[in-house]
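Two complexes, one shared chain (subunit A), two partners (subunit B, subunit C).
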Partner chain A sequence: MKIPIIVDGQMVQVDQGAPIIDAAKKAGIFIPTLCYHESLKPYGSCRLCMVEVVQNKQRRLVTSCNFPAEGGMEVFTNTDKVRQIRRMVVELLLARCPDVPLLKTMARQMGIKSSRFKKREANECILCGLCVRFCEEVVGVCAIGLANRGIEREVATPFKVASDVCIGCGSCTYICPTGCIEMVPDEKTPRLRIMKMGNHPLSPCPNDYQCENCSIEQEFLKDIKDVIVEFRRSYRNSER
Partner chain B sequence: MKRISSIVDLENLRESILQKRGSKKTIIRLCLSTGCRAQKSVKVIEALEDEITKQGLQDKVAIKKTGCHGFCEMGPIMVIEPANIFYRQVKPKDVGDIISETVLHGNVVKRLLWKDPQTKELTNTEHDLPVYKKQKKNISYNSGKIDPTDIDDYLAVGGYSALGKALTTMTPAQVVETVVSSGLRGRGGGGFPTGIKWRICSAAPGDIKYIIANGDEGDPGAFMDRSLMEGDPHSIIEGMIIGAFAIGASEGFIYVRKEYPIAIDHLAIAIRQAEKCGLLGNNILSTGFDFTIKIDRGAGAFVCGEETALMISIEGRSGTPRSRPPYPAFEGLWGKPTILNNVETFGNIPKIISKGSDWYSSIGTKKSKGTKIFSLVGKVRNTGLVEVEMGTTLREMIFDIGGGIRKGKRFKAVQTGGPSGGCIPISKIDMPVDYDSLREAGAIMGSGGMIVMDETSCMVDVARYFIHFLLFESCGKCVPCREGLKQMHEILTNICEGRGEKRDIKILTELAHFMTTASLCGLGATAPNPVLSTIRYFRNEYEAHIYDKKCSAGVCKNLFEYVIDEELCNGCTLCKVKCPEQAISGKRKEPHRIDVQKCIKCGICFSLCKREAVRVK
Partner chain C sequence: MDFQEVDRTLEKYDHKHSAIISILQDVQGIENYLSEETLRYISERLELSLTRIFDIATFYKAFSLVPRGRHTIKACCGTACHLGGAVRNLDQIERILHVKEGETTDDRMFSLETVNCLGACALAPVIVVDDDYYDGVTPGKIEKILSAYRTESER
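The block that comes next holds the complex of A and B.
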């Protein structure tokens, strides 16, 4: 069902329940985003897309990438509060990833000269989760996921060992907004591509899954090796 | 056990249990909950059993292994019925006297009685204990009285009669409306009206609905949910069955952290017993209503207490919150309408159904009804669980029930609501404890944690402590919480270590407001509370840290020195002998001195000096 909704004074018609950002697009209004992609389910993690919504006389801040449009809703995409939030998001991310060009550009556009926060050790991943979700939802492979909690959260393969399910499609490299997943050809087997994220190879196993004799494995997996060997064996069997 | 297939069966069974118990036995109730167990109550039970067999008293004396009595400070706790003699800190070696004196001759063993630390008066019986007098035990009443692993005990005190009433005399809508008009609000943190939540979910379209009890209890220092699950599991189960009936769910889950093995055990036993009696399963009380409960064990992440993360965790994925809407009442577990309530919330339900919503709403304040269990810990004399009527003042809780501050120190602040709660200062000590007053004061009810602090706590350090906890408990999904907490912790650490800058308070406040409005879930949104509330009430401490580089509480090591007051020091040499760095010099009977260069600020001299001559400067 189509419903009318007002975005920054413009009336547009959108499907009921569609994310507000769709309505903004229809009205030709740009809302910055970092974790949103049309072909993926909304995730709501970067909080850059926040807008003010007035509904039933209540005013509140919501993320436009996943907040459902309802009839009679009025949306404001460029209020003081909204701008403050955007600036803070960028300032915080800039402290996390000082060298990422996309963030530098965003900061410049918002008039942020430098982040007031302490720079962290070099990191390029903003944890938007696009790569992980693309690999799961579109490629259908689930080679990578988000490991750990809080400040230690990171993109990784299960148990941080080379993935034996990654098909080397390169989607993650393509979709990453900060360019921190590299794609390099494998020297030994040129038709294979290795995805590299920092020091984690996301690529097919370099040792043809001879886990029992592999030195990489020895290092990581003193305790949990058996579990993983078994897991892989059953996984490969189920594939066949 | 015979299957109970109607309300008549239920009442007959209750009658027969009560009749069997009519005999005039002495009953020794001993707490076997986590707190008392840690103080070796299991050994006491073994000694009791041995002694009773040795003296051939099996027909005269019965032992009842109960849940938490609340007065954990004094564990192991024992109560002897029918006279209700209260013994504390019972050791296996006391058992002989207890049997020969109290059980056989009705005399009290004086050394085991509770003694008032100030008046030195002894208290004989449980109901005369000052700690219990200002309390109103409603939900925690059974815990400490009944054996939680025996459904007969629960039936004997009227258990499952509310279920019988709901299922046979009320419609689901009537149950919902009774809960609505009782005014019950969720005990898990937010304080959302339970009845309204049920009403929304029962109206949500869908054949399959779920009901979940939240027993995750991640707040450090809080243990009221654990005690309830350990001490009175059937009341939670009964509440859940009634809730399921009200919203039309046929499957339920209790989410408990794995660190609570006894709670899991007791809940599992209770579920099994209820199934055997036919109070869970198909066609309950022949009303055609089916309901089962499973226990889901969590791995103990704080964030898994958040409703969406909890459901995702039950689904078998890693517990990370998701955006709402859709709200769980419409799309929850596996996308079906789901009700999640705290275990204590469910514990209230049987009482509301049995005694009626008018009775319930007559307790408490205008907007916060009923009683609430708090875990009172920190620098108070009587730590433990207390249940009070909503609206009881902080002063009554801390001084009348808690017995005041330990070691004659001064009260400074009380932190309520767990890690993301706020610190309330002395000026607000006469404030009533209810959802709205707490929120207004910059704190929250949370699940009922209450940490009392005295003058030896530095409020900047306290804020840093909680932010540190949350930093590692945040799931890390959204920017405000993950990055915000990191930077907040960075700034607070700088302040505590003497690198504070003039702009810090402003940045902290700005960051805090940003996190409150922009975080994805409640963790990030409430995380700044410790910082905001300490800035609001203890700004002078922040300023002293930043501008004067002073920590007057003597906590932040770079920001104070220990000095000896020459007037007070009598040269006893105690501090000199014990100082690990030989930083103290001075002759016997002459004032001593501390060499600031050598002092590592371990605080040993400070805590040892009987004349309080060692000062923080």
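The block that comes next holds the complex of A and C.
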């Protein structure tokens, strides 16, 4: 059922229960996100997509990626409060990973010169969970997951040993917004690659990266195919 | 590890994914910790991804992935206990057992943990060994409390 909602003064028709971010997209309004991806279930961990919602005369802040739209709802995506929250989120993330280009660009756009918070040791993972969810929902192998909690929370393979289910597809490398998951050639066997994330080696591809002949690859999104092909080409070039 | 008991636990919870925390609690009750082998077995039987189980097992402080001692000592370091001298007590336990907080003695007899409050602030400072509460603990009393558990286990 289609329902009308108002986003920044524009009337938009959306499905009942669809996330607010979809309505904003329809209205042509950009909402910054880090943990949102259209092919995955909403997660709401980055808190960048905060918007103000007025419903039943109540005004509150919600994450637009997982808040369902309802009739009679009015959404404001660019109020002072919203901007302030986004600035704070980016500033905190910048303290965690000061060298990530994406966050630097975001900070510049929001007018943040440097983070006021104490910088931690070099860490590029923002724990958005995109790689974990992609591995589970799209690839369907669940090779990597989140572990521990609080300041020790990290992306890791079970028991932090080389995964026995990883197919070496490289999706996590592709989807990571900060580029902290890398694929590096294995030093001992140069034909195979190992994916390094923090210090957790993942298994190399069992099919020697012959993606065209692999049944797993057929189910992938098209853009990921392109990335894998690109990766293989650059790898072959470097080998020569 | 005897997997029959794990099977019984899984049966008890009807192999429900939503009961994973209860399952892990019950399974931990068997050996006092969760071994890698056990988690892999549960993952296989429940058809739940190992990453998910590992996430839960590492998230909650109640679960331990390393072997624990036969007796667990919980030293309360909450506000009331702290004022009552909980730090001195903790130091004394560490001296007697030669372990630091969060570790297990070499003979697998005691595991030492700190907790932030046990809800018994009127009895501060409190130490809990297994399920027994000891109130008004002073460094002098600790040797006596712990030796009771040593002799009990020897019998």
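Just so it is clear, the second predicted complex is superposed on the first by the 194 of 240 C-alpha atoms of A that agree within 3 Å, B and C clash if a C-alpha of one lies under 4 Å from a C-alpha of the other, contacts with A are read in each partner's own complex, and residues count from 1 in each chain.
Criterion: a contact is a pair of C-beta atoms (placed from the backbone, for glycine too) under 8 Å apart; a residue touches a chain by one contact, two chains touch by 3 or more.
Quick caveat: nothing in here was measured; it's all calculated off a predicted structure.
Chemist: Quick one: subunit B and subunit C on subunit A, clash or fit?
Modeler: Aligned on subunit A, subunit C clashes with subunit B.
Chemist: With the two structures laid over each other on chain A, which partner does A:T63 touch: subunit B (first), subunit C (second), both, or neither?
Modeler: First partner only, subunit B.
Chemist: Would you sort A:K25 into first (subunit B), second (subunit C), both or neither based on which partner it touches?
Modeler: Touch partners of A:K25: none, neither subunit B nor subunit C.
Chemist: Once the shared chain is lined up, is A:R149 touching subunit B (first), subunit C (second), both, or neither of them?
Modeler: Once the two structures are laid over each other on A, A:R149 reaches both partners.
Chemist: Output check: A:M50 vs subunit B and subunit C. Expected answer is one of first, second, both, neither. What do you get?
Modeler: First partner only, subunit B.
Chemist: Return the chain, subunit B or subunit C, that is in touch with more residues of subunit A.
Modeler: It is B that touches the greater number of subunit A residues.
Chemist: Touch check for A:F159: first (subunit B), second (subunit C), both, or neither?
Modeler: second
Chemist: Applying the touch criterion given at the start, work out whether A:V132 contacts subunit B, subunit C, both or neither, answering first, second, both or neither.
Modeler: Second partner only, subunit C.
Chemist: Give one of first, second, both or neither to describe whether A:R116 is in contact with subunit B, with subunit C, with both, or with none.
Modeler: Once the two structures are laid over each other on A, A:R116 reaches subunit B alone.
Chemist: Quick one: classify A:K104 as touching subunit B (first), subunit C (second), both or neither.
Modeler: Touch status of A:K104: no partner.
Chemist: With the two structures fitted on A, what stretch of subunit B runs into subunit C, 220-228, 364-372 or 598-606?
Modeler: Stretch flagged for C-alpha clashes with subunit C: 220-228.
Chemist: If you lay the two complexes on top of each other, which residues of subunit A touch subunit B in one and subunit C in the other?
Modeler: In the superposed arrangement, which is not itself an observed complex, subunit A uses residues 146, 148-149 for both subunit B and subunit C.
Chemist: Going by the contact rule set out above, which residues of subunit C touch subunit A in the complex?
Modeler: That would be residues 36, 39, 49-55, 58-59, 65 of subunit C.
Chemist: Considering only the defined contacts, which subunit B positions touch subunit A in the complex?
Modeler: Going through subunit B, the ones touching subunit A are 301, 303, 318, 320, 322-323, 325, 471-480, 482-487, 490, 503, 507, 510-511, 514, 517-520.
Chemist: So in the complex, the part of subunit A that touches subunit C is made up of which residues?
Modeler: Counting only subunit A, the residues touching subunit C are 132, 136, 142-149, 156-159.
Chemist: If we count contacts the way the header does, which residues on subunit A are in touch with subunit B in the complex?
Modeler: 42, 44-48, 50, 61, 63, 66-68, 81, 84-85, 88-89, 92-93, 95-96, 116-118, 120, 126-127, 129, 146, 148-153
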